[in-house]
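Look at the two complexes coming up: chain A is in both, with chain B in one and chain C in the other.
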Partner chain A sequence: MSRIEFSDVRHAYPPPPGQAPVYALKEISQVWDDGGAYALLGPSGCGKTTLLNIISGLLTPSEGSILFDDRDVTRLPTLERHIAQVFQFPVVYDTMTVFDNLAFPLRNRGMPETRVTQRVTEIAEMLDLSDRLGQRASGLTSDGKQKISLGRGLVREDVNAILFDEPLTVIDPHLKWQLRSKLKELHQQIGVTMIYVTHDQVEALTFADKVVVMHDGGIVQVGTPIELFSRPRHTFVGYFIGSPGMNVLPCSLDGGQPVFANNLLSSGYPADADLSGKLEIGIRPEFVRFSDDGIPVEIQKVEDLGRYQVVTVRHASSQIKMLVGEDETIPSHNPQISFDPDNLLIYCDDWAVEAEHA
Partner chain B sequence: MAIELRNVSLRVGVETHIYETDLSLQPGQFNILLGTTLSGKTSLMRLMAGLEKPTTGELWVNGKEVTGIPVQKRSVAMVYQAFINYPSFSVYDNIASPLKVAGLPKKEIDEKVRQFADVLKLTPMLERLPSELSGGQQQRTALARALVKGAELVLLDEPLANLDYKLREELRDELPRMFADTGATVVYATSEPLEALMLGGYTATLDEGRVVQFGETSTIYRNPESLAGARVFSDPPVNIATIDKRGDNACLSDSVSWKVPQVLAAMPDGRYKIGIRPHHLSPVGSGVEVDGEVQIAEISGSESIVRVIVEGNNWVSEAHGIHAYEVGQKARFFFDSARCLYFDANEMLIHTQG
Partner chain C sequence: MRKTTNQKAWWLLVPVLLLVAFNAFIPLMTVVNYSLQETFGNNVFFWEGLTWFESVLRSERFHDSLLRQLMFTGMIIAIEIPLGIVVALSMPRKGPWVSVCLVLMALPLLIPWNVVGAMWNIFALPDIGLLGHTLNSMGFDYNFTRQPVSAWMTTVLMDVWHWTSLVVLLCYAGLCSIPDAYYQAAHIDGASPWAVFRYIQLPKMKRVLTIAILLRFMDSFMIYTEPFVLTGGGPGNTTTFLSIDLVKIALGQFDLGPAAAMSLIYFLVVLLICWVFYTVMMRDEEE
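Let's turn to the complex of A and B:
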């Protein structure tokens, strides 16, 4: 098991002839603590798979270095890095039994058969595969097969880390949560560093202690689920985490307080804030309320989503989404809204302004 | 297009894919088919498209029977989950292809392609090949091709299932608007209740080859006629338990009971089933108190989904805010008994209000 460190890592794929390289990964320096459960979260094309391949050694970065416990492994091939990987689609040997599939990585490394049996039995137990060990893998459903892939990733005890690349894609939606809870439990039991790549916020926030949010080749925030929700460091995090995402509205400052379309707002920021750049406020739909004495709006759309309603309103040229309880009535004339000052954030050039530094 | 299934069924060998079904879609509207995998969504769509001949029954379109008329002769467009584009055609030529087949003049084709590329935000990508697009852009290209034909019946079979959730969120918002002006009757299959609610329109809940209920989406959500309907239209699943009704008390166990509504109090004593929506089972609040053992707490940004075993039942609580629990932790949950759905021995809803 290892602590993994990225030091000034950048990566560009070979550009078409005559063109400048485009960096799929911009400069990244990041420490993955030994035994941590991390999720790499971001939309397709944000660079998360590139990052994963650099950890496993399938890719050598254009610049920078990777350290496992302070040992430079940047040029080390995959085989010597002792990394286990689980991919999107099950990789199993159909003609082998479940037992032999799970035993494969161990026998490959010449582990004595008694120890193999012991270890396979343990892992099968954890994944509820014990009663299928003698069965051929070909007879299993795709989620059964993916469990074998997970098991093969978990079976070796000598790995530095286990990497998961969207491992639940093929799992029936109704079964996903069971495997998610299984993985979380396994992490608690075996304590190995796990890095889990996904574009699904629920998977990321459930599995990980720390979520690494990626955007456009860079890491924009590393935080706990609560931090990502309540204090997004970048407007992208505000947009990407939560459904609907955070409202981001243009603003100016007056005496340190944000002004949105001629409305002076109250916030938790000190009165002496002085900032230059593109200024915006960020307010989650959860923290926008109807009020008697607020900003006048025009209601554009009310969506009944069962447990709550999503109301889209307009003020000046801005569209604002708000969440309203399932039993709450929507005001029919002169609707006005207000923003919860404690949850109102100010962004300067897309980065959150820390209240104490403003 | 007004499309109607009259006593339509579909059997393949010994298996019944669709039981005898009567269904009149809302013309010019979004009609959602909601059900799990294998509930019959795709079979129903293929029947509507004329790709499948019904074993019994008739298909009527605009007051005319069309059973057995092949799909090529009818104004139908279909988009599948695995989006299909011509890999060697540019986005422009992909969108233009059905119009070229129809032999439209070049100028008209150009106008239409540009109009729909604009609606689907594909204008900057018109010269690219599908392989140079993101998944979302590829799916939008497939949608543009379906739209450009101006088909009167558009069948969309889980068209967003393979996309990033943020992109799904945006397209769910855009799709009903895109079709609103075309007058097309849209049939949209999904397995996700939240998607159905976001799309609005009308919904048919499907369960094992049967249409359980059809009507306005939020009405179907709020008033499931049966336990099957409530199950289909709830994700996470609706919490179900058997209660013992004694007089005007509902007893979940010896220690957990509450007063039942008058309608139910007047019914014979015995076993009934209840359904409680996950968001009506809360880790905080008041009402009926139940104790459970937490299996896992999942956090989706702004909400927590807690799986918990209550009196031997697998239940789920979906609560606003962040509620963290350890696996195996004992915890107390609350629900408002007025929110309970009650079902009789045939698992049909007992109407307790109004």
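Let's turn to the complex of A and C:
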């Protein structure tokens, strides 16, 4: 096991002839602590899989280097990096039994057969596959197959990290939850670094201690689920995490305080803030309330989601979403809203403005 | 409510029934008819029962050509299938060379049988043919019109040249359908190239290989035109395969009864082998 470090890694896939290369990864420096459970979260095409393949050595980055415990492994082949990887679609060797599938990586490395049997039995026990060891792997359901893919990573004692590339995409919803808690449990049991790629925020937030949010080839924020929710560093994190996402509204500044459509708002920012660039405020729908003396709005839509209601309101040309409890009443006459000052964030050119909050 | 019964719709099936009847059923029944009777022309028939079948099954001539046929088919399958797999494995998976390779591979398949026979005949002529002349000037004693070994070698080579492409194209399609993740996973599991072939590529090619073997079996088992043009079944009878022999009996000797009986046996042999092969392959799949 080891700590994985990215130092100024950039990667571009070979461009079509005559075109400039487009970077799939833009300058990433990041440390993955030994034994951590990380989730890489981002929309399709943001470079998550590229990053994963660079860690496992299936891809060599165009620039920069990767260190495992301060040892440069950038040019090392996959085999010598001791990485296990689970792919989106379950990969099993159809003609082999479940046992042989799990034993395959060990036998390829020339482990004595008695040790192989011991390891495989142990891992099968962990994954609840013990009673299927003699079956042909091709006959299993997709969650069973995905467990085998995972098991082939776990049997090896020398793995530095296990990488998951959207492993639950093809699994039935009711089994997803089971398999995810199994992963979490395994992580606590064996303590190996796990990096989990997904575009599903619920998956990321429930699996990981630290979530790495990627956007357009770069890492925009690394943090615990709570940090990502309450202090998104980038407007993208704001609206990618949370359902519905954060409201991002144009604003200007007056005496350090944000002004949204001629309404001076109070915030936790110091009065001397002086910023230039594209200014916006970010406020999560959870922190928008109906009030008596706020911003006048027009109600556009009310969606009842059971435990709460999502209300879409409009002020001037801006749409604002708000979460209202199931038992709260929605004012029918002259509705006005206000923003919770403690949870109001200011963004300058899409990046959060750091401020000393009370 | 009473349903009105209207059976007129059955008439709509008449064209199809006629087509099938004239296409398959009546010709087949004619053969059955000939196989059970003796005729001396003028549509006069004498009942013979299973005599023709018995005599064909007992005849040494039939045994010999069946054996030659089995040997020929066995040889070309034993060469074409592994060769096809090797060629398919070494073809590029992406890039500009893909289409070049595919077109080159498809070329032999587009050439008519008798042209292939004629081409190889000229190519192999011992005195002026490129192959024949080269072999002879290198010191080999090669003459496909006189030596059985040379004739066999040339016939097998011709079939390999003509049909390996089919196996290549089928295998290539099978290989292309394997997702990258399999190779990546195998790489991470530390699999050797042989293990990748044995546990990923070969199992994934199983279905197309089954089809390839079936097609090559049926086609080569019924081969007629190419060896007929190349060797005419000779020297002697050494390259007289089943269908050449059948034509000799039916049209050369005009023994319609034995020829009909032989056709039916021939047909049943092809059917039986295909059925057994397919069932065995598919049963394995279900396990």
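FYI, the second predicted complex is superposed on the first by the 356 of 358 C-alpha atoms of A that agree within 3 Å, B and C clash if a C-alpha of one lies under 4 Å from a C-alpha of the other, contacts with A are read in each partner's own complex, and residues count from 1 in each chain.
As a convention for this text, contacts are C-beta pairs under 8 Å (C-beta built on N, C-alpha and C of every residue); 3 or more make two chains touch, one makes a residue touch a chain.
In this text, all values refer to a predicted model and were calculated from it rather than measured experimentally.
A.B. asks: For the three-chain model obtained by superposing on chain A, do chain B and chain C clash or fit?
C.D. replies: fit
A.B. asks: After the superposition, just quote the angle formed at chain A by chain B and chain C, using C-alpha centres and rounding to the nearest 10°.
C.D. replies: That angle rounds to 70 degrees.
A.B. asks: Applying the document's definition of touch, where does A:Q201 land relative to chain B and chain C: first, second, both, or neither?
C.D. replies: The first partner, chain B, only.
A.B. asks: Given the touch rule stated above, what does A:L228 touch, chain B (first), chain C (second), both, or neither?
C.D. replies: The first partner, chain B, only.
A.B. asks: Is A:G191 contacted by the first partner chain B, the second partner chain C, both or neither?
C.D. replies: A:G191 sits against neither chain B nor chain C.
A.B. asks: Could you look at A:D172 and tell me whether it touches chain B, chain C, both or neither (first, second, both, neither)?
C.D. replies: Touch status of A:D172: first partner only.
A.B. asks: Just checking: does A:P15 make contact with chain B only, chain C only, both, or neither of them? Give me first, second, both or neither.
C.D. replies: neither
A.B. asks: Taking the superposition as given, does A:N108 touch the first partner, chain B, the second, chain C, both, or neither?
C.D. replies: second
A.B. asks: First (chain B), second (chain C), both or neither: which does A:V91 touch?
C.D. replies: In the superposed model, A:V91 contacts chain C only, not chain B.
A.B. asks: On the overlay, how many Å separate the closest CA atoms of chain B and chain C?
C.D. replies: Superposed model gives a least chain B-chain C C-alpha distance of 15 Å.
A.B. asks: If you lay the two complexes on top of each other, which residues of chain A touch chain B in one and chain C in the other?
C.D. replies: The answer is that chain A has no such residue.
A.B. asks: Please give the residue numbers of chain A that touch chain B in the complex, ascending.
C.D. replies: Where chain A meets chain B, its residues are 43-45, 172-174, 177, 180-181, 184-185, 188, 199-202, 205-206, 225-226, 228-229, 239-245, 284, 286, 303-307.
A.B. asks: Enumerate the contact residues on chain C facing chain A in the complex.
C.D. replies: By the definition above, chain C touches chain A via 179, 181-182, 184-185, 187-192, 195, 199-200, 203-204, 287.
A.B. asks: Which residues, counting only chain B, touch chain A once they are in their complex?
C.D. replies: Going through chain B, the ones touching chain A are 36-37, 134-135, 164-167, 169, 191-194, 197-198, 200, 218, 221-222, 235, 237, 277, 279, 295-296, 298-302, 305, 307, 318, 320, 322, 327.
A.B. asks: Given the complex with chain C, which residues does chain A contribute to the contact?
C.D. replies: 53, 56, 58, 78-79, 83-85, 87-89, 91, 93-96, 104-105, 108-109, 136, 149, 152-153
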